Amino acid sequence: MEQSDTIALAPAAQVLAQRAPGPVVVEVEAARPLSPAERLWNVAALRKLLLLSLLLALWQVYAVTLDKPLLFPTLDDTLAALWNGILHGELLGRVGHSLRTLVTGYAIGATLAALLAVAAYSTRFGNDLMEILTATFNPLPPIALLPVSLIWFGLGQASIVFVLVHAVLWPMALNAHTGFTGITPTIRMVGRNYGLTGWRFAWRILFPAAFPQLLTGLKIGWAFGWRSLIAAELVYGVSSGSGGIGWFIYENKNQLETASVFAGLLTIILIGLAVENLLFAGIERRTVLRWGMKH
Amino acid sequence: EVKEVRFAKQYGLSYLPLIVMEQQKLVEKHAKAAGLGQLKASYATLGSGAAMNDALLSGSIDYASGGVAPMLTIWGKSRGEVRGVAALDTIPIYLNSVNPSVKGVKDLSDKDKIALPAVKVSIQAVLLQMAAAKAFGANEYDRLDRLTVSMKHPDAMAAILSGRSEVTGHLASPPFMFQELKDKRVRTVVNSYDVLGGPHTFDLVWATKKFHDENPKTYRAVLAALDEAVAYIGKNKRAAAELYLKASGSKEPISEVYEILSRQPVHYTTTPLKVSAFADFMNRTGSLKEKPKGWKDLFFPEIHGKKGS
Amino acid sequence: MASSKGTSAEAPLLEVRGVTLQYTTREQRVTATWRVDFDAWAGERLVLLGPSGCGKSTLLKAVGGYLKPVEGEVQFRGKQVHGPGPDRGMVFQEFDQLLPWKTVKQNVAFALQEGRGVPRREAEEQALHFIAKVKLSRFADAYPHTLSGGMKQRVAIARCLATRPELILMDEPFAALDALTRQQMQDELLELWQESPFAMLFVTHSIDEAVRLGHRVILLSPHPGRVKEVLALDGKGELGPVQSGAELQERIHRSLFETACDYSI
Amino acid sequence: MEQSDTIALAPAAQVLAQRAPGPVVVEVEAARPLSPAERLWNVAALRKLLLLSLLLALWQVYAVTLDKPLLFPTLDDTLAALWNGILHGELLGRVGHSLRTLVTGYAIGATLAALLAVAAYSTRFGNDLMEILTATFNPLPPIALLPVSLIWFGLGQASIVFVLVHAVLWPMALNAHTGFTGITPTIRMVGRNYGLTGWRFAWRILFPAAFPQLLTGLKIGWAFGWRSLIAAELVYGVSSGSGGIGWFIYENKNQLETASVFAGLLTIILIGLAVENLLFAGIERRTVLRWGMKH
Amino acid sequence: MASSKGTSAEAPLLEVRGVTLQYTTREQRVTATWRVDFDAWAGERLVLLGPSGCGKSTLLKAVGGYLKPVEGEVQFRGKQVHGPGPDRGMVFQEFDQLLPWKTVKQNVAFALQEGRGVPRREAEEQALHFIAKVKLSRFADAYPHTLSGGMKQRVAIARCLATRPELILMDEPFAALDALTRQQMQDELLELWQESPFAMLFVTHSIDEAVRLGHRVILLSPHPGRVKEVLALDGKGELGPVQSGAELQERIHRSLFETACDYSI
């Protein structure tokens, strides 16, 4: 991950302080837990908080210099609008609404992606199918799906979920496929040795062995889910009264409530950061990093 | 005075005056006449009123064009720093329905979803509120809002004509409303001219006060060009239709375009009509914070001589 | 104990009949082994010896069911081999054969759970038992990427032995081990075999090891691999039934060295 | 890639036909080229053509059954519109225009992604930066960029390129990062052994070693480039006289020329298939497949 | 030929001084070697012997500059080692050390071009020369994934030797080779050394090989690795200056076997 030329080693000082002459003590020394300070430094979130503050400061400075509040509001205006939106407005409700839709579409998309990638991995037909489908549908903008989704799902949530699935399915499937096909033959043979086939093989061998790529797919899918959700809420039948964060942004944009627009966007960013740093980083720490599959 | 003046129009027949200006190089002509020399006029096409306002605010364009709603919004938000230049046309908005049991506003029920370009914020949504206020009383203006859904015009038309979706109504503008009416099932339930008591402006042009103040000659030349374009359309409908088809590359038959241009309710004029009525209503419902002191408050003085409202 | 001379009345456990193995790459087809014939009887320990690149690993993979012969066939317990299975446990030559997402203990337990249907708790107990046999108890909870090369191979050995397959396929399992550990592993292997004999196909480059572990030694010729000679030993690490000690060593050595042809053009 | 339990081996018949007793002939047999028929069968494009025809047939049947040409035109109407668009209309010009924009944005995005991912790989700061930036900007819809892009680039191509870069940069960077961090320590050490550092190291070691993931990133980026290009052309519109395929779709949509809309979409699909099967598949054949990095 | 007794007036080429090496994983810190001291003189062939997991590979990586000691220091030509470099060519223990996107020839040529700045044409010529030495001329255009384990290791050996480093670090390079090939490789190595002597740190588990190749043998104790004994040999594969043949073998063997403690708990 960092300083790729040398593997991170602990400072010598600690070792020197605990010098012990005999081999018995050496054996004890051979494996001991890290100090709390070292663990803290490993918490990337703390370091990133600093970086994030820097970005926010940059925003504020640029916005103040630009002085076009209707186009690009300052950070404090945005925060005020955010606060306002949370206290008096419906921002949280909107976010909740969007999150529910997003999670639904995301879950369906991820499942389909897994199915497709496993099929592509297991059979030549599946492979051809996946390549055709991805090449065909992946470049299509959501607008292209409007007619069929209207026919199949009508107005409202179901159509938006459909668009979401379209947004997240293909990149996830592509990443899963790369992950699967990149597994070393030895690991695959080990799995086969235990008589694992079909779904058991996929679940026990393919998924963990391709976990870094799966995670990347999930990350990309998450981000594109948001993007598409917001776009979809604008294009698709939002019924009055309902509507998520995308609609919140659109409405405020049309009323030139720019600070509120940015408050909406900031909300998405904050959710994104939380998901990235709490969920995904946590998963990474517990999986690929611990397994030595990410360096 | 600037060397180049940048316009932005949107897609559709209602921006015909700008198309005529572009095709016939009217701005260049009037600028030369005003002694401004070789003024360059460029025209971009944008996708929405919101993009229009962004472009204007960022200084990417000098003249924005679009519906009444985005113009009023930016007028209110900028506290008069942005004002209307002139109107482009008066065009009605129809509420077309395919539900045979709906004959008036009061017949609309939960089964009738009404498509419009954007719920709450579009001029169509405002119009529906006006119709509701008229039918149910001023306080009940938002009674029909829950029936509305956001859809782009072509999608909405396809939806009601296909008869497969729960959308039965469409607050349409030309050419969609006329195309819809060719289908026997479609009837007009609401006509905006009835709601407002007469013809009203549909699209207009607006600009910043800064541009207006710093480029008085250019501004006047542009206004003159606009007037000429409007007059040209009034006199040469077929030629204007040809210009439109040439400029847009549209495959519609010329007869169809000509027919729309010659229709009674469609009229091209720079005179703003009933803009203040929209503004007052929007102010009452809270979607426009400022209240204009009359229509002249919304426009730059050069147009104040017309019989606007 | 099963006969080591292949004269038993029953059929052999493993029959390899005229097996030719090829790799088809994009541009070429490489023949790895050429019409290899041999049998392995239940409880028999067979050693494969041959020069580098002669197709030993490929042959093992064919017996394991990972590769299909282009000619000939592999029969296990009288049935043609169609795919891999836990009845033929394999220790691969590569260091990356441990599942990186499982600890040492989990790697072994997983093999027992999946391959043998042993319940989780019991699998873990047995896993620890076999990990102790390869002297890695202290590393039971370590992930594979924190192990040395030799340690990884020992885990793979423990994993394979724990599942108690009828036929064990081992591809240079002790190559990365020091002399002492190697000897200990050999002892463990033989001890397990004493407890309940299994058939074994063992690839090694060490003639000492071959003599120590094998009932019979199959000598392969260089690329593409063919069976050159089959030598019978006594299977107790002592002299073979026919040869004297020094003579045997000498014979293997000579056989391997004389077939060696120079690959360089 | 397929039949994961056994590695593909040639049929036995061929070998039997050439039986030869002596080891000398065997040596010749040991390595010989594949027959033309076998090579042909390996051309996935042929197999896929069949699958594609199937999909098209499905479209036609569904469209005819549905019988709603305004919503969902039949294949032959679409093909007619496509043909018409190519012969008389400006379809090809539009496509050319879009492709130029796309390639520009794509190239810039890919370059930035490579820079970001290498920085993230090499330094802890770069890593934090990349994680923050991706989490922050990746979920943002293009609409959020409109104000800044207008301020920085004004109307027109530059702004669209900016949106494109935003669309392709993050997924490519994420994929490159996964690729880099998944390289085995041994390969990295080998690179270091030759004294390779910085950009030489990235170019000679990181890029080829992470090639499967880079390719996936390029594929995803390509698709998302299209999606965003079309969406952007609707929002940003066009300068007089120009306009790409997105605008073509928008115009025809407004004229209810549904067949032409689908012709536009079909064009994108066809380009996508060509790129996938000629460009990407060709690259894969020459790289990861030949190198044994994709199985 | 340089002195093999370390009594030369100049400073040693490599000085390893009290080097402690640790791995810091998420939960633990593992000490791989503990205050290891030794020197290597220019032209001296040193052999590292020690039980599996005692830190031989780790030590080699520290000398190569891939790991930093937590205590003590590694000096190469009088300067502290800060990172890897082509002056210390390394053959790793793993089979995945070849660049998979390069053919056998390209792998070797790449090392020459990048590590030594040899122009492309010349690099390819030299590459073919060294590939012939490891008997792989027929596979010069093969990609690594189509090679057997032993073949891969031979390519890595060719690649390392071709760059003619001042110090060669070899981590069980011959472990996957059969007896004959192994002997041939040893011969090639010694022959190259005769042409222009280089210093070498060679990890092996074969005592025969140690005796054959080493001027001195460093015996390491088990986990964490410490220097247990340093034995001087004659460097000609014969007796050491002090020991008699059988005695030496015996001594190494005993030394390794007695320090072995049971890891199991």
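Residue numbering begins at 1 within each chain, and the chains themselves are lettered A, B, C, D and E in the order written.
Keep this in mind: a residue touches a chain if its C-beta (ideal position, glycine included) is under 8 Å from a C-beta of that chain, and two chains touch if they have at least 3 such contacts.
Chain by chain, the UniProt names read as follows: A, D = ABC transporter, membrane protein; C, E = ABC transporter, ATP-binding protein.
Model, not experiment: these values are computed from the prediction.
*Asks:* Centre to centre, using CA atoms, which chain is the farthest one from subunit C?
*Replies:* Looking at centroid distances, B is the chain farthest away.
*Asks:* Give the chain pair that accounts for the most C-beta pairs in contact.
*Replies:* A-D
*Asks:* Quick one: subunit A and subunit C, Cα centre-to-centre, how many Å?
*Replies:* Comparing mean C-alpha positions, subunit C is 45 Å from subunit A.
*Asks:* Starting from the mean Cα coordinates of subunit A and subunit D, work out the distance between those two points in Å.
*Replies:* Result: the chain centres lie 21 Å from each other.
*Asks:* Using mean CA coordinates as chain centres, what's the subunit B-subunit E distance in Å?
*Replies:* So the centre of subunit B lies 81 Å away from the centre of subunit E.
*Asks:* For subunit E, give me the residues that contact two or more of the other chains.
*Replies:* Those would be 23, 30, 65-66, 83-84, 94, 96, 146.
*Asks:* Find every residue in subunit B that makes contact with two or more other chains and list them.
*Replies:* In subunit B, residues 54, 57-58, 152, 155, 158-159, 162, 164 touch at least two other chains, as defined above.
*Asks:* At least two partner chains per residue is the criterion; list those residues in subunit D.
*Replies:* Within subunit D, the residues that touch at least two other chains are 5, 7, 68, 71, 147, 150-151, 192, 234, 253, 258, 290, 293.
*Asks:* Okay, in this complex, where on subunit B does subunit D touch?
*Replies:* Checking each residue of subunit B against subunit D gives 6, 8, 10-12, 22, 42-48, 51, 54-55, 57-61, 152-155, 157-159, 161-162, 164, 179, 248-252.
*Asks:* In the complex, go through subunit D and note every residue touching subunit B.
*Replies:* Touch list, subunit D to subunit B: 68, 70-71, 89-90, 146-147, 150-151, 154-156, 234-240, 243, 247, 250-251, 253-258, 260.
*Asks:* What part of subunit D is in contact with subunit A in the complex they form?
*Replies:* Of all residues in subunit D, those touching subunit A are 1-5, 7, 44, 47-48, 51-52, 55, 66, 68, 71-72, 121-124, 127-129, 131-132, 134-136, 138-144, 147-148, 150-151, 170-171, 174-175, 177-178, 181-183, 185, 188, 192, 197, 201, 212-213, 215-216, 219-220, 222-227, 230-231, 234, 246, 249, 253, 258, 265, 268-269, 271-273, 275-277, 293-295.
*Asks:* Hey, which residues of subunit E end up touching subunit D in the complex?
*Replies:* Residues in contact with subunit D: 61, 64-66, 83-86, 88-90, 92, 94, 96-97, 99-101, 110-111, 114-115, 143-146.
*Asks:* Provide the residue numbers of subunit C that touch subunit E in the complex, in ascending order.
*Replies:* 23, 25, 30, 49-53, 55, 57-58, 93-96, 132, 135-139, 146-151, 154, 172, 175-182, 205-207, 253, 256-257, 260, 262-265
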